[in-house]
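In the two complexes that follow, chain A is the common piece, with chain B as its partner first and chain C second.
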Partner chain A sequence: MAAMEIEEENPVKNISKKISCRNQQIKTLVSLIGQREQVAPPTLFLYGHTGTGKSLVINSLLQTRELPHVMVNCVECYNQRFMYEKILNKLQGLRSYMNDPDSYLKCDNMNDFIRMFRQVCEDRGLTKQTVYIVLDKAECLRDKEINILPAFLRLQELTHQNVCVVLMTEIVWEKFRTGTGYCEPYILNFPDYTKDEVLTILTEDRPEGCEADFYSMYLNLLLSVFHMVCRDLREIRYLASLNYDQYCQPIKTGDVLASDTRKLWKNIEPHLKKALQTVYLREVSSSQWEKAQQETEIGETPSLQGLSSRNHVELPYYSKYLLIAAYLASYNPAKTDRRFFARNSGKVDRRAKLIKKHERTSNHMLGPKQFPIDRLMAIFFSIVEGKVSPTANIFVQISSLVSLNMLGQVAGDDQIDTPKYKCLVSLEFIKSVSRTVGFDVLRYLYDFV
Partner chain B sequence: MKQKQMKSKKSTVSGDSLMEQLPLQKTCDLLRHRVSQLSTPPQIHGYDQERRQLLDLIRRTGTTGESNSALLIGPRGCGKSMLVENVVEELMLDKEIRDNLLHVRLNGLLQTDDKIALKEITRQLQLENTVGTKVFGSFAETLQFLLDALKSGSHSSKPILFVLDEFDLFAHHKNQTLLYNLFDVAQSAQAPVCVLGLTCRLDVVELLEKRVKSRFSHRQIHLFNNITLGDYTQLFISYLSLPDHFTDTKFVKTWNKHIQELASDQTVLGVLRRQFEFNKDVRSLQQLLMYPVCCVNENHPLLLPADFVDGMKIQTTDTKSAMLHGVSILELCLIIAMKHLTEIYDGELFNFEMVYSEYRKFAQKRSSMQVYEKAVVLKAFEHLIALELVKTMDGSGSRVQKEYRLLLLLVHPSQILDALQKYPNCPTEVKQWAQCSVI
Partner chain C sequence: VAETATPTIPGRCKPLSSPTSILEEARARLHVSAVPDSLPCRDKEFDDIYSFVESKILDGTGGCMYISGVPGTGKTATVREVTRALQQACDDGELPYFKYIEINGMKLTEPRQAYVQILKQLTKQKATPDHAADLLNKQFTTRGPRKETVVLLADELDLLWTRKQDVMYNIFDWPSHPHARLVVLAVANTMDLPERIMMKRVSSRLGLTRMTFQPYTFRQLQEIVVSRMKSLKAFDDDAIQLAARKVAAVSGDARRALDICRRATEITETMSPSKKANILVSTCHVDAALQEMFSSPKIVAIRSCAIQEKLFLRAIVAEFHRTGLEEAEFAKLYSQHISLCRFDDLQPPSTSELAGMCSRLGSIRLLLVEHGRNDLFMRVRLNVSQDDILYALKEKSGV
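Up next, the complex of A and B:
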């Protein structure tokens, strides 16, 4: 009696002690899994956002109770063969191919997998216990061969063995169904952590020598900036560890007491808002960010240059004009070309203005339109200063712009005579390019005139 | 095997106090086995005529050496495999047939091409000895050998029963070689075979090639779930009650009485009716029973109506609303903006720029929220795409910037409103904005 109780009760409590805020899920899973020899549900489908503890709960459950299990990440197994061999060999207790090439099992189709799976289970004496196959990132199974997912969903029936397949993913089950349907798995949801739960979890891994109240105060401030935007636990944890030193800085220097939250908040707030625009977007790496923090300590102005602010590319003179011309051709309607680029453009009448008001900025909203190369060259000759002859060099520059991914070639019926293009750069970029050649691009854009 | 498991458990367990726990333990094991995929149902319900037909068909192959082919067609979970297994089991009780009939099981999910299928057939017919190493010879060789073996047979040779599960997948093999050969053997006077195909596609005959179709006997047995709510409740009782000879009669009696009471309980009946209206096949009943059955243990020795309600709740949560519950407020705002765009432009596709301008209009004019810059919003937007709440619609060939990709919202407006109601600490202005699109 006592022995059975220990096996039944303690794991729940033990795991719940280690993993906070997942009591309900652990309880449900433990009751579904049951005891070692009992038949488990054929398939469990766990879904929830990233960082809601799906893998953590399943892993610690299977490991603490030492149940026979195999963990497989479906991203790694881009080939069905890798997946089968990984499952079989892990079940066999083999670490890697190199250690023991003789007993390494080879298997490349589902039929052999089922047969060898039963064989391995028999060899290892697992026939009476439930064997767990945990497939992480299960959404990748949809892109593999069509028979894999349905076969895993009825593995228990196919192997006549007590086996439980656990699928973990972020995508809901409805998106997995195709064709004539499957054996439905047992679906369990891992709900997101509430704000309080996030606080409890993050307070647990505070740095050493730091009081819980003080740290949770810091986390409160952090969440007030980030919680609107980001619910991902891992992201918040990363940001918390990155900005903590900055938060403690005034206390170290002795300017502010630890109890003075208002001053600490005033100190940290602009800093966190900056982090939202830089570190959160990975514009700057964490090492750069830390370096910048140290620089501010010394009193220098931090030299933070993000990835996107570096969108200055050195281009040849005519390439710049070609790019500008392509941009204008992409974002201006063709019927306004005459107005912008002809020498003696007529005045815009009132009615045209009225129409224009309606579709204001619509071109920058809808994205670039395609244009033929003739129109590009016409605009190019109109805006470029001096006389340019259409040499081979000019046309080579167009194709090199395509290979730089600044222009995109649109597939059409005529690829050689009149190829069509699209301009794929942003307004900010084209502004900085036109500034270098002293060209006011906004004057020529239909949306901004 | 079951018996053996019981015995081994009995030997490990000792002590007087445990003796009274034991029936419950055994009950748990039995019930868990019943709701798993390993089980056969405690009693077969309906299908009397189909069962007789099938029994007759296989028996004739087994005894008189007649060749037959038939297709069992029915929706998923209606008991096709169960029926075949059951019929074969009953026939195997007959000594003459047991000695005589060979049984080959194939599954379209496992034997994905004819080569694998052929190897599997030789393996299951235990012809490896005869072929020696030739099992792993070329496809043509194995086929030739197998056909020779079948052809050389006559009425007097051993009949073979082929059961092809997921029959429609076999029809997708190249040239349908396997099906052609099987049906050909069944039609001509060679070794007696019975080919049974199990499928859930009603139009499966249309998938067959003309030459294959002409060799098929066109005997179709349709299995439809025409059970009533009363039958469903009976099924529920039979799944949960214990057989008489199970353990001590006293325990069985109290347990079965409890199940009877449960079946007349209004809450349980309500849950059953709801499930029945969704889906009336046996698999869904097994799913429904899974949670309550798994909850039974020493501290919780009886099934309670509340367990069924909980189980139903787990089963019927709307998955998309559950996912929407976990997105951040910024992402929620974007979803609402997309909902408005879809409503205003009548289901037309949209891109990120439109969503962003819609969001900015709202955030600047109507709310006290901070207006986030474009890059932050774009990151939130890409998270939504990764969750597949939004789908990109343009083909992979066209290259446009992220901001201008055409998109489609995959959440229904009612799901959004539903999720908003449950959303913790949702700002009032966001709720109002979701109700009406005018800014």
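Up next, the complex of A and C:
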């Protein structure tokens, strides 16, 4: 009795040793899984945010105890057939690890799946022990055929086989329920790691030849910048590995001692702040970032050009004006057109203008409004310099702007005589476009007058 | 564990025993499958159909007849009765030989399978629907070295409807050909089916020979039950009358009346198992059977809900009263539920728990709910009337 307990206890301790800060969940799962031949709960529903160790815990649990299991990612199975065949063939290949086409099982509906699943379990001699089917990204199951999720939830009952389906997802169980109800699964939450836990986990995978205290000091500094905006373990781990060299730079050159935390902090802080705005938002890629770090080492000023700073597009002359006109039509109310674009604009009551300005909400807050093509052409002719004849060229440029996703057609393709559009570009973009043609767009925008 | 979870019908180990007591004998006679020799209360309809088909057989022509009536009025039974009588007459040599064919729209996987069925019964040939249609067309439209009259019963006609209506068209078109010698008896539930779903050229071929089976009146239902109970003293007269009147008031369905009487015999047996020999089914037994059949299960379901579920139903009614609409968002219902919990001094549930209750009530169709992915914006409607809920809940709290 005692020996068995020790034998059972060991894997748990082993796993807990490998995976830190998930003791509670591992304990629950181990007790639910129980012995090999014991009946496991029909369904386990594990949920938690990304990077909370769901897959890690269940994977290592099933692998270290060498339980028969199948892992399937539901995103890969856009068709129910792929899912069934994957499960069956993986289960079949559990022992042999060979995929010969003769024994490849074909299955395209749930009815066949249940029949063949029993068959495979019998063939493999798995009838006496629990078989685990782990479905990752289980939220995709909701969008598949309506019978899949309820059938998986009662697979144990339908197959008469000791099987446990493990669903892993990021969303709560309430968002799965529909129709005539399901067999309720056993729900287990994986909470987010706290700051201390993140620190413990990250200290474990420190680079070689680095003291734990020194590295945890570095992580402390890192978290003081990033923990406010990011709790994702993977992201923080990625940033930690990316910026560590920069942190160690002064020690390597001999400017600062390893114990002088203050100086190291002074050195790294602006760097991390900058990383927050560039690498974290994927404005620059990590390879660019590393290259820039090397450049600073040599003493050059790094030239970091983010993705969003490159919002400069080469457009034909009239297309630029058309885009500006579309932007003005989208963000200006139609009744102000006369004031902005007519030659002799009507006199604006100053007092009314002042009152209105306080009351109105910014059009830029509400998003672009649709406009007919007539208004676009009227504004275009009024802002463009020189005399432009409305040739086919001009109209083709409108449709090419639509295909570039700078304009959006609103009412569908069937409306040929007066199509309606929306302008889909940002204010920054239109500013840079109007700068190239020497047009002051802010003077014509109702929100900024 | 898993094997006992799915309910199944137990298998029959030994054969059915023949009835021993009066009540068992009554039950056997009251079974819907025990069709009597003659159908009471349908004499006129029987005569009409009989003379229609008989005249067609004697003349060697064809024709259509459309028979309608609500379920349980004896349409199919009467037509079968007619064909049985005709076959009898045929055997006696009073009529020339004819062939009887039956198709049922409900039993066909697809309307065009009707051709296959007809051909199979006519010639024992097997063919694809297209080929069968060709063969039948040839047989009915061309002069051949035949032949006997064919009587076709097309049951559940409305299911033979296709977009082009070619199946219905053909079935009604064949009898109008000079050499077809086909009599079609079309049976369906609604009286205005030809006007509603058939094209003009189909319904005109159907012709004007129509017959409607009226729902049974309570006297007729009483007669039906009494005729089956002939020379068997199992029922009180008032008991039969009560069952007949109740059924006639709702639907006039003979099957329903027979079922209620059968159930009443069972209730009688269970209520007094000791003196099995000479007990009569009385009005109180029939009344109990009627209660079982006609009373709404929703009220019972509401009464057997858990406390929090009842409270949730009450919260829904309160929210509907507040807004004056018949639909509410889950978030609003939640806040209403919380305040009701405060009034009743109960521990308020979390949103997850309440969502679970909501989906359970939705799954037993007391509520109509949307998919759970809308979570707080999920709209909830009642599938029972508000009065029913208040009645069911008040009864409980009043006691």
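We take it that the second predicted complex is superposed on the first by the 428 of 449 C-alpha atoms of A that agree within 3 Å, B and C clash if a C-alpha of one lies under 4 Å from a C-alpha of the other, contacts with A are read in each partner's own complex, and residues count from 1 in each chain.
Everything that follows uses one rule, which is that a residue touches a chain if its C-beta (ideal position, glycine included) is under 8 Å from a C-beta of that chain, and two chains touch if they have at least 3 such contacts.
Note that this is a predicted model, so its numbers are computed, not measured.
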| item | value |
| --- | --- |
| Room on chain A for both chain B and chain C (clash or fit) | clash |
| Chain B versus chain C as contact partner of A:Arg142, first or second or both or neither | second |
| First, second, both or neither for A:Ala411, with chain B first and chain C second | first |
| When both partners are placed on the shared chain, which of chain B and chain C touches more of chain A | B |
| Touching partner for A:Asn79 - first (chain B), second (chain C), both, neither | neither |
| Chain B versus chain C as contact partner of A:Ser224, first or second or both or neither | neither |
| Contacts of A:Val172 with chain B and chain C, given as first, second, both or neither | both |
| Which of chain B and chain C A:Val39 touches, first, second, both or neither | both |
| Which superposed partner A:Gln119 touches (first chain B, second chain C, both, neither) | neither |
| Which superposed partner A:His160 touches (first chain B, second chain C, both, neither) | both |
| Chain B region in steric overlap with chain C, selected from 21-29, 93-101, 291-299 or 363-371 | 93-101 |
| Overlapping contact positions on chain A, where the chain C interface meets the chain B interface | 39, 156-158, 160, 172-175, 180-181, 184 |
| Residues of chain A touching chain C in the complex | 39, 142, 156-158, 160, 172-181, 184 |
| Chain A-touching residues of chain C, taken from the complex the two chains share | 1-3, 5-6, 351-352, 355-356, 359-360, 362-364, 371-373, 375 |
| Contact footprint of chain B on chain A as seen in their complex | 1, 4-5, 8, 28, 31-32, 34, 37-42, 47-49, 52, 109-111, 114, 128, 145, 147, 150-151, 154, 156-158, 160, 162, 170-175, 180-184, 186-189, 191-192, 194-195, 227-231, 276-277, 280-281, 283, 308, 364-368, 405, 408, 410-411, 422, 424, 426 |
| Chain A contact footprint on chain B (complex, rising order) | 5, 9, 15, 17-18, 21, 28-29, 32-33, 35-38, 76-77, 107-112, 116, 119-120, 168-169, 200-201, 283-284, 287, 290-291, 294-295, 297-298, 314-315, 317, 319-320, 322-323, 325-330, 351, 353-354, 357, 369-370, 372-373, 375-376, 379-380, 386-388, 397-401, 403-404, 424-425 |
